[in-house]
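By letter and in written order, the chains are A, B, C and D; residue numbering begins at 1 in each of them.
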């Protein structure tokens, strides 16, 4: 089978590649249909590593996927061949201490697609545990199904925030993840979500959604805009999605007394935090690491029409052009949110 | 000034009546504009009492109100004459133990409009603490402003439920409060809300909202409908809004393992509960008593367009016809959700 | 191997019995050392059933056990032969929806020792998953190790209560589980725990612990005692451990506004609940079903000396006398809290 | 009346001083008995400011106080002359948005004793709102009563941590507040509390309490000690009480996956935080600002004997020697935890 293989930093190949593995009793074999390109895939391509995860052997990329079930292991009861599905790409040890607590995303033993040394799903067929394979509701397309993975990060952020109905939220950073967070927060109970960035094209894309307001921080200090929008009280929840040091340093100024900050953006190095500023409003800070137990919730919101992710799919390229797709993704155009790869029929 | 006075059980009068009181430094004087008729107003009219609250002296009715600020006490800073407002009708002792905890709704000292011996607001002018008087956003009408009070109960239920984004909820009982709860739950983060009742006209009204599904329990067992809708897993949250003994007895069958039930309906007498049934799914049960700290959240959701309560206003009668309005409300027509009284210009 | 077998309702036999099973890669083989007799074991003996769990085939009893590891499957890393351990008796499907959420106790697929048709551990050797086998800290004896299971229920109740440091708690019902709950609540952060019952010998046993107060409800109305102890405010948490209808009907009178009730006792049939009484104080009600993720916490509290369960071990009988032990347990003497069986060396 | 007046930075005077104020209907007049010296009192003395709070006029110091009620305003019902009491030193606007939420500690309008321009209580008589004046239980001495204020910070930290019964906690920094936090955490449900510092005399003081373990970080890396104590899993809760940049930078290494960090220490300037390190374990971070609704809880724990603060009172000086007392406090001896001033009879 062909696969999109990252041979080493900066070098992709679309070539025959056999991912080892057999269909266990609780696994399903899936024909992949659509695979999104994630910033982490691109980062492995351009840098060969993320933190201490280093690409040392050729690795198949891709972890945002939908497809069709081809075959099921003997113990699988909830899925059958022909089912349209999407796949949660992290596989924990279900008997670990973290998994028993329901925190399987922070199980140190988790194996995550396209994170060295684990192969991803940019190949026509994959084997996956049934328990991490989710049926797509009737009105959710394959393209949307491949959006569940990035949206799941937004869902995790919205869950950790413990949004209360009618909250006002601020999202700093309008990259793909910031957009996902904004939409999850809005569908998840916020009355209003204010998204801030300095790239106007990004703001224009997310501003097209009802309930989203935008602030271009080139034009207006964000703290001032938030104070105006909240009559000086501050936002109930601040989602820091930029990973930018100045945003982190001033994030407490955006939150109301007793409010919450969710750290989604990932600054490479330690950044200065104004702890006394956080304390003066007694803020709670949550962090997120991938997601757990949110795929069904994400799909429910998409199926009900409360969340429409299709406007965020900027382009779809055929599998045979996937290297070009990665090169375009590596350009990080402001007008591109998500690029997807259509796998061969 | 004229007021709608409940002279005694069964006897209303629209007559001159002076509610004692002076404008304190932290109070505002308000010209009432619209006042909704609540089931509790009607119950005092038809029964002369609710539980141990007994009408022993003539009492002005009404507690769902919007209006315009006429004058402000010296210490009021956030309001000014001319402001369009709605009023939270319960006034606690702000220094009580419950109030200090933020639970001012359960402060035993709370004084609540139109709850004996406290007069209500069906009179052209009222004096009210500024801290419980909320400005109406520009796009929220007076009629909507008078809907905030009943919607606040729905908001309180949604808050106590601790909805997680993408939850599936069931509401048992499609009376006015059940409808408010359903809309608050949907805006507050649920992906889907299933409303059950046996009166089809009520179900038809609420079914007109996107995201609301209905089940007429004359036609289908609710537990079966919920099981189908949730693939056998059960609802994340069940809002019991009927107060009906059979609904209470079987409510645990609707909830998923680890789910929540919010008891909103108020059965007059103790009713049988299947405690072992609740335990077998380790359900959490929340109760609500009026509301606290939700008016601003309710207004934010209404201003943003996430919640539109105007379809639930069934009729508006002029103040001079308010006795007729109460008589219609006492009929409890299935097609009436909320009747409102337009106060004199 | 010999086992204590419940042949049918009312008939125990100590006889050769082979529990089927082989040592899987993630299992351990354990030599049992001490096994406690639980009320549910006794109930199967005297009634042949609990709810819809009916003894239809001979079944080995016992689920409160400690022992020594004899052998480990190939994939076991945290245990080794010779380790002193205790065992959590419920084994869920780790890939179920409930287990993924961390709620493995409410996984419908859970297999629980000595719950038909699953055999218990009153036999010299058992095979058990390593992930549900916990090492005993150095200062925790085998006898104490066999107390972890009943104490785990108290821990689960204390967890669900969400105790805040300095809470005042009331426990209604001083049976073995009520005592476990009281001790878990006290160690778990309560400043004071008031235990109520009408059997003075039970109250005398638990009153021997520092921090526990008792009320004999034959002598004083409990609501009055709680009001006095809390200056009229009410208890922060009420643990209902009696399962008695009158206790359930009046439980809301014991709690403070905004307080919590944890339903631990299991009334066989539905019992009347005063829902309006619960709502008037806006109480939260939690239920518990066995326990999840508490064994390590229980052991930490026992090892640190914050909880001493040895005074609750009323007698220890040798394995060969275990039928006599069960007959004594069936007497339900007020002065007996826990009877244990010493397995053969 | 005499008072201890901070005339300006570095200059104390014990002189006649009249704090303006009259006894309002909800106030009590209190004869002060014991007043503790807090690090913030000392900091105003030595630096003339804390952050943007600057001493610009002579100010009476002191905010940790107990005393006896001399007189009550007309509306006071829960207190009477002769009552032994302690006083919560921050007075919010009870009708503010934060106060209505129960978060009166973060009300921007709060007036706090000995925080410019508000006078403190180092004077023989003070007037205080009854709602922030708490009766001392019979077995709690005046000296202990004056310890409630610093212990309240520990209680607030323990509350924000949301300790679960049996948690293992780490406290970094064994200053007076770190000690208070450790004791609140232990009484509040932790099985074990590990306190780390580099000053051995401080560690020796806190190590005298059962359940407290200590690590001198001069001798052993703390992360290593915590890993050993928790079998590599990490602490459930980390209380950062040092305010030291290295402790903040590495705090995530001490916590278990899904654990919590409570930021109690107050670094003057922004300090680097390893956000990716926090995210990798999906930690929750809480901050505290003084306290709210904890005085009754603190007193309950002290009255029940679960918390004994008397070993932390290092010395008591008479009021006439209070300048000497402040000078000793300014030395910050490792062997001094709390110095108290005995007010004149």
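Criterion: a contact is a pair of C-beta atoms (placed from the backbone, for glycine too) under 8 Å apart; a residue touches a chain by one contact, two chains touch by 3 or more.
Fair warning: this is a prediction, and the values are worked out from it, not measured in the lab.
A.B. asks: Would you kindly count the fewest steps from chain B to chain C, each step being a jump to a chain that touches the current one?
C.D. replies: Graph distance in the chain contact network comes out at 1.
A.B. asks: For the pairs B-D and A-B, output the one whose chains share more C-beta pairs in contact.
C.D. replies: Result of the comparison of B-D and A-B: A-B.
A.B. asks: Between chain A and chain B, tell me the centre distance in angstrom, where each centre is the average of that chain's C-alpha atoms.
C.D. replies: Chain centroid spacing, chain A to chain B, equals 38 Å.
A.B. asks: For chain C, write out the residues touching at least two other chains, lowest number first.
C.D. replies: Those would be 101, 103.
A.B. asks: Which of the residues in chain A end up touching chain B in this complex?
C.D. replies: 155, 158-159, 162-168, 184, 187-189, 191-192, 210-211, 294, 296-298, 300-301, 303-306
A.B. asks: Give the list of chain D residues in touch with chain A in this complex.
C.D. replies: Residues 51, 97-98, 101, 103, 105-108, 160, 233, 243, 248-249, 257-258, 263, 265-268, 270-276, 278-289.
A.B. asks: Which bits of chain D are touching chain B when the two form their complex?
C.D. replies: It is residues 26, 94-96, 99-104, 129-131, 292-293 of chain D that touch chain B.
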